[in-house]
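Report on one structure; see the data block that follows.
Think of it as A, B, C and D in the order they're written, each chain with its own count starting at 1.
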Amino acid sequence: MGFLEKQFQENVLTTKVDWLLNWCRLSSIWPMTFGLACCAIEMMAVGCAHHDIDRFGAGAFRASPRQADLMIVAGTVNFKMAERIKRLYDQMPSPKYVIAMGACATGGGPYYKFGYTVVKGVDRVVPVDVYVAGCPPRPEALLEGLMKLQEKIQNSSVIRRPARTA
Amino acid sequence: MLTPIEVVEVAAASPASAQGGTNMLNELLAKAPRPEFVPDWVVPLNAILIGVGILVAIVSLNAMFGTWLERKVSGHIQCRYGPMRVGWHGWLQPLVDGVKLLLKEDMIPKGADRVLYVIAPALVLSSVLAAMTAFPLSREFFFADIDLGLFFILAMTSTTTIGVVMAGWASNSKWSLYGAMREAAQVVAYEIPLGISLLVPVMAAGTFNLIEVSDMQSGGFGVLNWLIWPWVNPLMLPAFLIFFVAILAETKRAPFDLPEAESELVAGFLTEYSGIRWSFFFMEEYAAMLLFCVVGSFFFFGGFESPLTSAAGGMFGDGSVLHQLAAFTTIVVKGFAGIFLMMWLRWTLPRVRIDQIMTMGYKYLTPLALLCVLLAGIWEVFLAPYLPWR
Amino acid sequence: MTSTAQETHEPTITRSDEEVVLDSGEREFMFDVRTQDMEVNFGPQHPATHGVMRILMRADGEVCTGAQPHLGYLHRCAEKIGENVEWLQYLPYTDRYDYLAAMNNNLGYSMAVEKLMGVEIPRRALMIRTICAELNRIGSHLIAFGTYGLDLGAFTPFLYMFREREWMMALFEKICGARLTYSYIRIGGVFNDAPPGWLSEVERFCDTFEEKWKEYCDLLMVNHIFVKRTADVGVIPVDMALDFGLTGPMLRGSGVDFDLRKDMPYELYDEIWKDKAFEIPVGTGEKGTLGDCWDRVYVRVMEMMESIKIVRWCLAAIEPGPVIADIPKTLRVPPGEAYVGIENPRGELGHYVVSDGGKVGVRVRVRGPSFVNLAVLEAILPGALIADAIAIIGSTDIVVGETDR
Amino acid sequence: MDFQGIHDRLQAIQAPGLQGADEPREPDPENKKDKGRFGDPFVLVDAKLLPAFLQVCRDDERLNMDLVADFTATDPAKDDENLWINVQLLSIGQKHRLAIKCMIPKANAVMPTSVPVHRSCQWHEREAAEMYGITFEGHPDPRHILLPDDWVGFPMRKDYEFPEEYHGISCK
């Protein structure tokens, strides 16, 4: 949006425009083809016929981070991978979102105590928007994570100035 | 949206129309009342601008409908639904995708050649827009009635390669470079059989002009005189098959989608492109698909001729508005039938390898196309004149 | 991110395409025109690496001249955890290294511990174990086959295969409540008996699967482009396969008739094999050279059918009874060490366990077949085109969770 | 062949480095503290001669151990002086297995590499090297395989202390 971004007072018009733009964004969240571990299989299942994430406009899995809006961190993150995840995140154009899928990405999961190379949650590396619980989460849970992300996007401001906090 | 190159090209193409045919737009504008102080030369200029606007609209609408169709077709082939939530069966999906892509951060990778990186998508899109000028919407409504229309289309669509190679080079990514190199090799290899295979219908019709080819196939309830039928020329069917394979390769569609092979080259020459620049390449792809399918329907499947057109012509008279609408509908339906076929193939077949593509293009398709031309020439000169139905 | 290909070089003209084997055993390829090598990085995030593996590839244009797999992007310290948690607590971790064949992993680990304990497993439990392991083998091969199609650019068969896999996962969900990580096969038997009607549903699954299997074969196995892409590509000769310690479909694809279920039978497989209920598909080089990618995929595809036969045998022979041996809640495994190798979908899954008689193991070693099978890439990738490299990586059918553990 | 047969054969051909065999036994009923030993039998081999031993096992036509199924190390206890090297051999032709154990001192964990005999040992040895701090002399590619290149410590040793942070990412 460049120079228009967050430049306007809040009024009926800008609210409506914001609603529209947010609606466009949330209806077209393209995830990145990026699976780490067990959860990646469930992520594939979400893309497949039974669960079909494409119904919500989020089915265009892009292999290149440049064209993706959403990074689903599906699996355990270890130190070796964490740096790559950071780089992939940096390569995505904003607005970009992250879903931490499963217990490992949320907080180390079963590898918390004795996993010497496991990062205790991907939020130590990149900011996370939605956490999905489960080990691995069911496809429905990931779909709900997507809904939660859509709710979050719906409430964001595009051309409005964000409401000042006192 | 509009680059200088486009305007020049369109302007270069338009004078031919002023001389060649009856450009409806020109006529309408000439009839329209205008203030005294407006000089005469404004009229063709206006016509050009409006024509370009229509072209851009066609290309974008085609890309939107194309992406929606692609997702729905792939979905239904794969026992899914595809987009369902945005509008009826997700028909607004391309719109929201487009707005989202517009809103994305404009990103030029560090180390990229900034100038080429920015020019490449525009060049790709403008060359296909230029090629579109030779695409008549109906018999009387066209942008440019070019005598060498087919030539012009082939020439213009080959320039997209330059844009793609530029994009791959400018991105400064190895995957992009691979994609660009594959595209260059593949498109060059398949231009030859594409051009040669089109010579067969050109020979049968005796013209390069799209509208004349269409006129030539009229009669026979709008079906029987299509060039594809073996009683017109038995070499037409093999020529069409070669043509179809070649346009698949030319438009980078599976099984020839090597330049952007997802599982091999991440996203090929598009790897570093994001946001609206990336969508330009998509628009180009769908426009090229439509263009080649339309060319195919003109030169093999009767162009404007269909039972619908002949019925409309018979009922409301040739050249009436409804007749033209029928012609327009016919060509759109034929074009999208071709696009549907290409999508069907894409979601069915695995991808071929680069050396297999090259082998097929140079070793098999080109000689076969040449053979077709030779035999078709023999047929046209020695046999066709003695056929009772010709 | 500078590409070395930007520099121009004098092309060196050599006489012919030939393969030169250097004294060190390295192979060098010569082409008509050589350009400077370019290093390209497959992964860790690349759609064809089946997870987070990285392959550093030297490429001369489209031809790969050297490849080096880099692992460890999913190292989760499973073996260290095995030395720190109790025997039974380790079971869920076995689900997670080869997450496509969790039942088989459970089975391998349980069998290793049972070997130390010397417990007698009830016959019904053995039956259910076999059914679950074979069903999971089908699921695993479905993913291997589907993603292989995906690697080669055929998207749709992958979704078709997930459709059947989804049913298989529903079956597992009915029996143990989890879709992917089951922990169902326990030390001493299985966790609980199959719910009523489960066995008949398995029967229906088998019937349906046989029909669908033919469809998949039509879609991919005999597809002309698929054959062209896989035949004569990535040939692994028998001696190379043995030298690299390959097992499972990788070894059988090279024409070696060796399957642990037949040759060193465990559990019920002895009985089933003697009953001639199944056979071992072996690569024949039907479409190209023996040991090429097509053969490996062929072995997997045929194995799915054999698994169905084994399941049917068990369904016919299963009888009511207890499903778990009487073992204490807190296991104290007698001291000693045991190695048990079972036939996982990817090859020999070995569990080497050492106990000192306590509640916690001294060593739980996992010999992941993917880890071993992956090493062969270094040897067969040079000389292949980049597109072939994808085909070869796909045909090794690795699960990164298992290579890195 | 069963284990006894293999052991006899190894003795007959005087396999280099063969030090003995250990077979499972029942607990001694007299001695309450003796819990016995269960599981698999194995042969004990001198670590320095392991490559030669593997070669003999591979080349002998009756043993025909053409596959190294597993090659790993074990740290038996914190206060134990030795590390174990555990090798599992598999014969495709003869359809039998053999477990091999070697002892190497923790203080000087050096042994020759087996890669020239079996290339499958290459990655297994790299893993054992980084996890237990064993040096394999003559290994063609002695880099880390699973851990990052700059990792400190040998995680699979029993006295390993978990790191506090790595490259700025806290481990707590």
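In the analysis below, contacts are C-beta pairs under 8 Å (C-beta built on N, C-alpha and C of every residue); 3 or more make two chains touch, one makes a residue touch a chain.
The shown structure was predicted, so the numbers you read here are calculated from the model rather than taken from an experiment.
Trainee: Based on the averaged CA atom positions, which chain is farthest from subunit D?
Mentor: The chain farthest from subunit D, judged by C-alpha centres, is B.
Trainee: If you average the CA atoms of subunit A and of subunit C, how many Å lie between those two points?
Mentor: Here the centre of subunit C sits 31 Å away from the centre of subunit A.
Trainee: Report the inter-centroid distance (CA atoms only) between subunit C and subunit D in whole Å.
Mentor: Each chain reduced to its C-alpha mean, subunit C and subunit D end up 24 Å apart.
Trainee: Averaged over CA atoms, how far is the centre of subunit B from the centre of subunit C? Could you give it in whole Å?
Mentor: Spacing between the chain centres: roughly 45 Å.
Trainee: Subunit B to subunit D: how many Å between their CA centres?
Mentor: Roughly 65 Å, centre to centre.
Trainee: For subunit A, which residues are shared contacts with two or more other chains?
Mentor: 33, 48-49, 63, 80, 116-117
Trainee: Would you give the residues of subunit C that are in contact with at least 2 other chains, written as numbers and ranges?
Mentor: In subunit C, the residues touching two or more other chains are 46-47, 72, 75, 77, 80, 159, 163.
Trainee: Send over the residues of subunit B in touch with two or more other chains.
Mentor: 78-80, 262-263, 266
Trainee: Could you run through all the chain pairs that touch each other?
Mentor: Contact pairs between chains: A-B, A-C, A-D, B-C, C-D.
Trainee: Which of the residues in subunit C come into contact with subunit A in the complex?
Mentor: 44-47, 51-52, 72-77, 80-81, 84-85, 92-93, 95-96, 99-100, 143, 158-159, 162-163, 166, 169, 179-181, 400-401
Trainee: Per the contact definition, I'd like the list of subunit B residues that touch subunit A in the complex.
Mentor: Per the touch definition, subunit B meets subunit A at residues 71, 75, 78-86, 90, 92-93, 95-97, 99-100, 103-107, 262-263, 266-267, 270-275, 278.
Trainee: Show which residues of subunit A lie in contact with subunit D when the two form their complex.
Mentor: Listed in rising order, the residues are 79-80, 82-83, 116-117, 119-120, 124-125.
Trainee: Looking at the complex, which residues from subunit D come into contact with subunit C?
Mentor: 24, 35-40, 42, 66-70, 72, 74-77, 86, 88, 90, 92, 95, 97, 99, 118-120, 122-124, 131, 144-148, 155-156, 158
Trainee: Write out the stretch or stretches of subunit C touching subunit B in their complex.
Mentor: Checking each residue of subunit C against subunit B gives 1-3, 5, 38, 40, 46-48, 61-62, 149-156, 159-160, 163, 219-220, 223, 225-226, 228-229, 385-388, 390.
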